[in-house]
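Heads up, the next two complexes both have chain A, just with different partners, chain B and then chain C.
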Partner chain A sequence: MIWIPELGHLALIFSLYLSLFSCGLALAKNQLGLALAWKLVRSNIIGQAFFGILSFGVLLLAFAQDDFSVAYVAHNSTTELALIYKLCALWGGHEGSMLLWYLILCLWSLWFIVKAKASSVFNLNTAGVLALLGAGFSLFILKTSNPFTRLLPNIPINGADLNPLLQDPGFILHPPILYLGYVGFALPFAMALAYLLAPDNIQVLAQKMQSPVRWAWSFLTLGITLGSWWAYYELGWGGWWFWDPVENASLMPWLGGTALLHSVRAASKRAQFGNWLLFLALFCFSMSMLGTFLVRSGILTSVHAFAADPGRGRFILIFITLTVGAAFLLYGLRYQAMPWQLRLFSKEGLLVTLNTLLVVCVAIVLLGTLYPMFADAWFNQQLSVGPPYFNKVLIPIFLLLMMLMSFAPYIRWSQDSWQRFKRPLIYIGGSSVIFGGVSRWLLPWQLDALALFGLLVAAILILVTLYSLVKGLKKFFYGQRRFDTLAMHCGHLGISVLAVGIILTSALSVEKDVLLKPGEATVINGTTFKLEGLESTWGPNFEGVKANFSVQRANKAMIQLFPEKRFYMPREMPITETAIYANIFMDYYIALGEPVADNQWSVKICLKPFVRWLWLGGLMIALGGLIAALGTRWPTTQVIN
Partner chain B sequence: MMLRVNGQWGRRLHLAIILLSIAGLSYLLWQGLKANPNYQPPLHKLKALPDFSLPNALCPEQLITPMAWQGQPALIHIWASWCQSCIAEHKMVQQIHQAYDWPIYGVVYQDDMQMVQQWLAHQGNPYQSLVADEQGSLVVALGTLATPEWLVLDAKGVIHLRHLGPLTEKKFKQQFLPLLQHLKQEHL
Partner chain C sequence: MSALHYKRFFSLLAMLIGFSIAVALILFALNQNINLFYAPDDVQQGLVPFEQKIRMGGMVEPDSVTRQQLSVKFTVTDYKSSTQILFNGILPDLFKEGQGIVALGSLKKDGIFYAEQVLAKHDENYMPPEISATLAKKQ
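Moving on to the complex of A and B:
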């Protein structure tokens, strides 16, 4: 029926009005009385979420039914697409992604309303800020990027298809999970603002923030890991991180979020961390919003770039500047510096070091991300800052952080002495020197000094953390259920596994571009890659060539790999489908290039040792976050007002 | 161990720093939304080439010095294989190489030389010679802001023109060609 998409449009407008109404109610709480205002805000937010979900559902339905009278559907889908990709095509473009963003904000608001049962000034203010954010973003969607714009009366017969790069299982999960994390930081942001509007006991605030911060951070970690894995096999470049502006846009909230994750727990034990807590809560979501701006405004060129429209950029920039500016103004006016005897060699001291280093990392990434953009805007030049900058500046900081990680968890609060760490330090130092000396004969690879040093730091972290993890697990099963300790060790172990993966893949990967005819073979590091033959292949919306490779490793079974080159008809776009044989120690990676001459193809072949460790590490970090989140109870105390 | 500013002034200072950085960043981003299409960094005075001695990217045993770039007006192209705009520009460089016989000297900035060799073997090599600047010392000495960048040298190795970003055909014909011809006349 022709009117159904209008229902979605209308639902979104209702949702906007309800969120505006919630803001008004939160402001008028003194006139209405707390209990009544809270009751009304609750039902309002439930309504806002209901209409948000309805609007999303209607768009989903339009995709499922190939309703090309909706312009957004016509631009991002086609009748030949598999149903699952038709549904996911919803977040394949700018308008739908923003609707997904808004939907997730609605869901988080709903989650808060359900968790925070009783009425209090704090709860009302938090709900009010969340509603304000909701209002801003729904207005943004309606004003500049409405997914319900129609193509009437001339309805296209078929759509333009979803970007073939996105027609992949990775695309089903990556955006929603990433957004759950991104947008989840709205909760700590709102809570921090609510606290600043009516300050009270900061330790209770920290306890309340614990749950949303942990969930959001875990989702963000999972989302980034998924994205990296997807880029690795789908983009056909064999890389796993490109320092692409959009990747950086998700890395910045993650780094900030990591600092927040640690500060939340610290502030629940030591009130002096309150300022860090408030600052990081505001900072983190500001970075999420900045990321949204960078991606959505089309200001950057990137693999993720959507259609550029300066109107969108201006709207969202004004909105962000006002929200973030107001938030930090409030922070600057209200925060209370607490007297603090801070010693560097104590848990507090190391946590402050951690926060400082992570904020510095964010600044470094921000600078590297924005510099080419300014060059583009002012000099009209497309410049690259590129991996050398990021690697050179960030690697030393990351190594330092890993070294901190291997003893910071065991240091005491307030004050500790080096004496306690003397023996382990001597053992570790001694064995490191020995290991460094004999590594040449011990390790089967040739590594440079930096890689060797990194590996050593990671190895120490793995050993120390494994030891404590086993001890922690033992206690866990004997009834001392300390989720936090377990989660921390799991996360730190993940970091070290990730580090090993990064170091060894970067140092030992072999990439080779070769020209092959059927029947020809090439040998790389003792492994023979033979092109057995080529055949044609096709699907509902593509046709292409499938190559058959046999890979013969020394003393091991033969592997068959089938890389493809597909040509997607509706968009006339060639796509490389890589073929990968993976095990825990080595990836055999083949990407088909272009046909060069008669039956001869250019082929990219990579041997990527330890590349799986990257995502294994990422998953372990996310698992750590999830364990912590599952072990967190929502505090029942209503100390705050 | 930490710098601490206390009291009312400390608070005001913190507030001012935070708000100024937000305002500054917003202003920059706002500017970023509009583009000024014709900006080029000024080249105030003619600059001689810095002294260097760096390996050839295609055969590392051979060293290249500024002497190699002298004798006739030439183009210098500073690029890297990790730089997407440089990769996109490669066809253009090939065209210039084929259409005109001005020598093009390349400087590869902080790159894996194996990747560079593979890339050129595949896509063709328009460079008369290619310097491998793995540490970035030459690029810093040249005053290059980012890749890609183009320089025009006269026969004595003095830089006469600097162009940030990818080179367009229009720009090459309008600015580079007349300058190169002028420099050649002058040299004769």
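Moving on to the complex of A and C:
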């Protein structure tokens, strides 16, 4: 039917109106009466979500049916694309990803409405803030990035294709999961604001925040891990983190979210963490929105950046300034200092240290990410900040955090004594010194002092955590179901595995660019890579060359690898399809370069030891979050007023 | 001042000093690792320092790409002047004549830019902001 895309457009407009109406209702609660206002807001938000989903579904249908009269479909899809990529092409460009963002915000709002059954000022205010955010983002889509705009009357016969880099399984999962995390922080943001509008019992607020914070943080962790893995095999550079502004944009809410994750639990036990809780809840989603601004405005050089339209950046910047500014203004006005006998050597003291260090990390990343923008604006100087800045400044802090992680979980609340930790500290310190001394003969690799130190810190964390994890699991199966403890150990173990992966793969990776003809071989670290032959290959929208490599390792079975170079016709874009043989200790990574002379190809070959530990660690961290989230019950107590 | 005030004053002072040192160290690290961006015309005007890690960007001139084994030589232009770039290794997929690139490396006394890394865009509609700004300025 010809009018279907207009239906999607209309649904989005309805969704916007309903969310605006919800804000109005939340404001008019005194006139309407609380019960009535809550009832109306509930049905409004359900309506907003319904129309949001409808709008998303319509765009999905347009992609499935190759409706190239819709400009966005024509720019991001072709008839030749497999159905799954046609559907995912929805978030292959700016307009569609914003619609995905909005859809997920609608779903989170719906989730809140379902969970928070009874009417209360707190629930009503939270729903109001969520609706306000929804209104802002749907207005943004309608005003600057409408995905339903038509190309009439000259409808293209075929579309311009989805960017070939995105035609990959990683693209199906990475954006939605990442957004679930990013946008999920809207809930704690809204709850914190609702609380600030009508303050009451902060510990109940903390209990309420627990569930959304844990879910959002887990999804964000999973999303970042997936993104790193995808970039590793798709981009053909063999890297897994580039300190690209867009990666930083996801790391900042994650670091803030990690502090929030810990503070939520702390504040549910100790009211003194209330101020940290409120600050971090506001801070986290502000970072999410800032990330959106960085990605969408295109003001920074990045592999993720889209063709930029200054109007979009301006809109988001104004929206962020208003919401974040108002939120922190309210925080400042309502700030209440709490009497607190804080001792450094206690659980509270270490949690405050953790929060401080993580906020400092965010500030460091933020400075490095935004500095090019400021330099351009103030000094008219165009520059970029290199990865060494981030590595140099952040690595010491991360090492310190890992050291804290090895004993912070076991320290007591209020006050603890060094005496209790004297024995284990002496044992651990002593064995570390000894191990460090003999490591030259024990470890099969040559490592520099920093890498060795990092490895030691990670090893201590692994051993301590494994010990407690086994003890915790035993208790768990004997009936003491403490999900939180289990989740914490799982997450901390994940961090240490991640650290081992980062340290060893950075220290020991070997990369080599070589020229090879069929029949020729090259030897790297005792492994022979032989180019056996080349053949042509093709698909629905590409043609290319497939190379056949045999990889002969010392005393091990031979591996066959088939890296490809594809040329995607619709966009005239060459794409490298890497071939990787992965096992837990080593990746053999081959990426075809280009034909240099007759039948001779340039080839990038990498040996990447322990690189899998990175994503294994990331998955374990996410798993920890999910265990905690699954073990969280929505509290039945209301924030009273 | 009472003993309490004394204690507070000194802990505040210590915090302030610690904070300043941390900020100074961070800014120092930042300053050590920034890479300034230059256009070919800046080389022509002698504004570009030699032997210093910088970024250079512009459009790859058509028919300027020559290869010898793994090393690639090409010219980038801002439509006013042009600079020769030498790169040893595999170029990114989207490196193409007539398109914008950014290279990281250093300018040597021979007037050739030795690149360690060449970045091309990942989307044909996208232009790195530095290049579009340069082109807008120079045209």
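Assume the second predicted complex is superposed on the first by the 631 of 641 C-alpha atoms of A that agree within 3 Å, B and C clash if a C-alpha of one lies under 4 Å from a C-alpha of the other, contacts with A are read in each partner's own complex, and residues count from 1 in each chain.
Everything below uses one rule, namely that contacts are C-beta pairs under 8 Å (C-beta built on N, C-alpha and C of every residue); 3 or more make two chains touch, one makes a residue touch a chain.
As the structure is a prediction and not an experimental result, all values here were calculated from the model.
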Combined model on chain A: chain C and chain B, fit or clash: clash
Touching partner for A:574 - first (chain B), second (chain C), both, neither: second
Contacts of A:328 with chain B and chain C, given as first, second, both or neither: first
Partner chain(s) touched by A:393 [first = chain B, second = chain C, both, neither]: second
Touching partner for A:513 - first (chain B), second (chain C), both, neither: both
First, second, both or neither for A:163, with chain B first and chain C second: second
Chain B versus chain C as contact partner of A:337, first or second or both or neither: first
Which of chain B and chain C A:602 touches, first, second, both or neither: both
First (chain B), second (chain C), both or neither touched by A:449: neither
First (chain B), second (chain C), both or neither touched by A:317: first
Footprint overlap on chain A, where chain B in one structure and chain C in the other make contact: 299, 301, 371, 375, 381-388, 513, 602
Residues on chain A engaged by chain C in the complex (per definition of touch): 163, 165, 236, 298-301, 303-308, 360, 364, 367-368, 371, 375, 381-389, 392-393, 513-515, 571, 573-576, 591, 593-594, 596, 602-604
Residues on chain B engaged by chain A in the complex (per definition of touch): 1-2, 6, 10-11, 14-15, 18-19, 22-23, 26, 28-41, 80, 82-86, 109-110, 115, 118, 122, 136, 145-148, 164-166
Chain B partner contacts - residues on chain A that touch it in the complex: 293, 297, 299, 301, 310, 313-314, 317, 320-321, 324-325, 328-329, 331-333, 335, 337, 342, 344, 349, 352, 370-388, 511-513, 602
Residues of chain C defined as touching chain A within the complex: 22, 25-26, 29-30, 32-37, 53, 55, 67, 69-70, 88-91, 93-94, 102, 122-130, 133
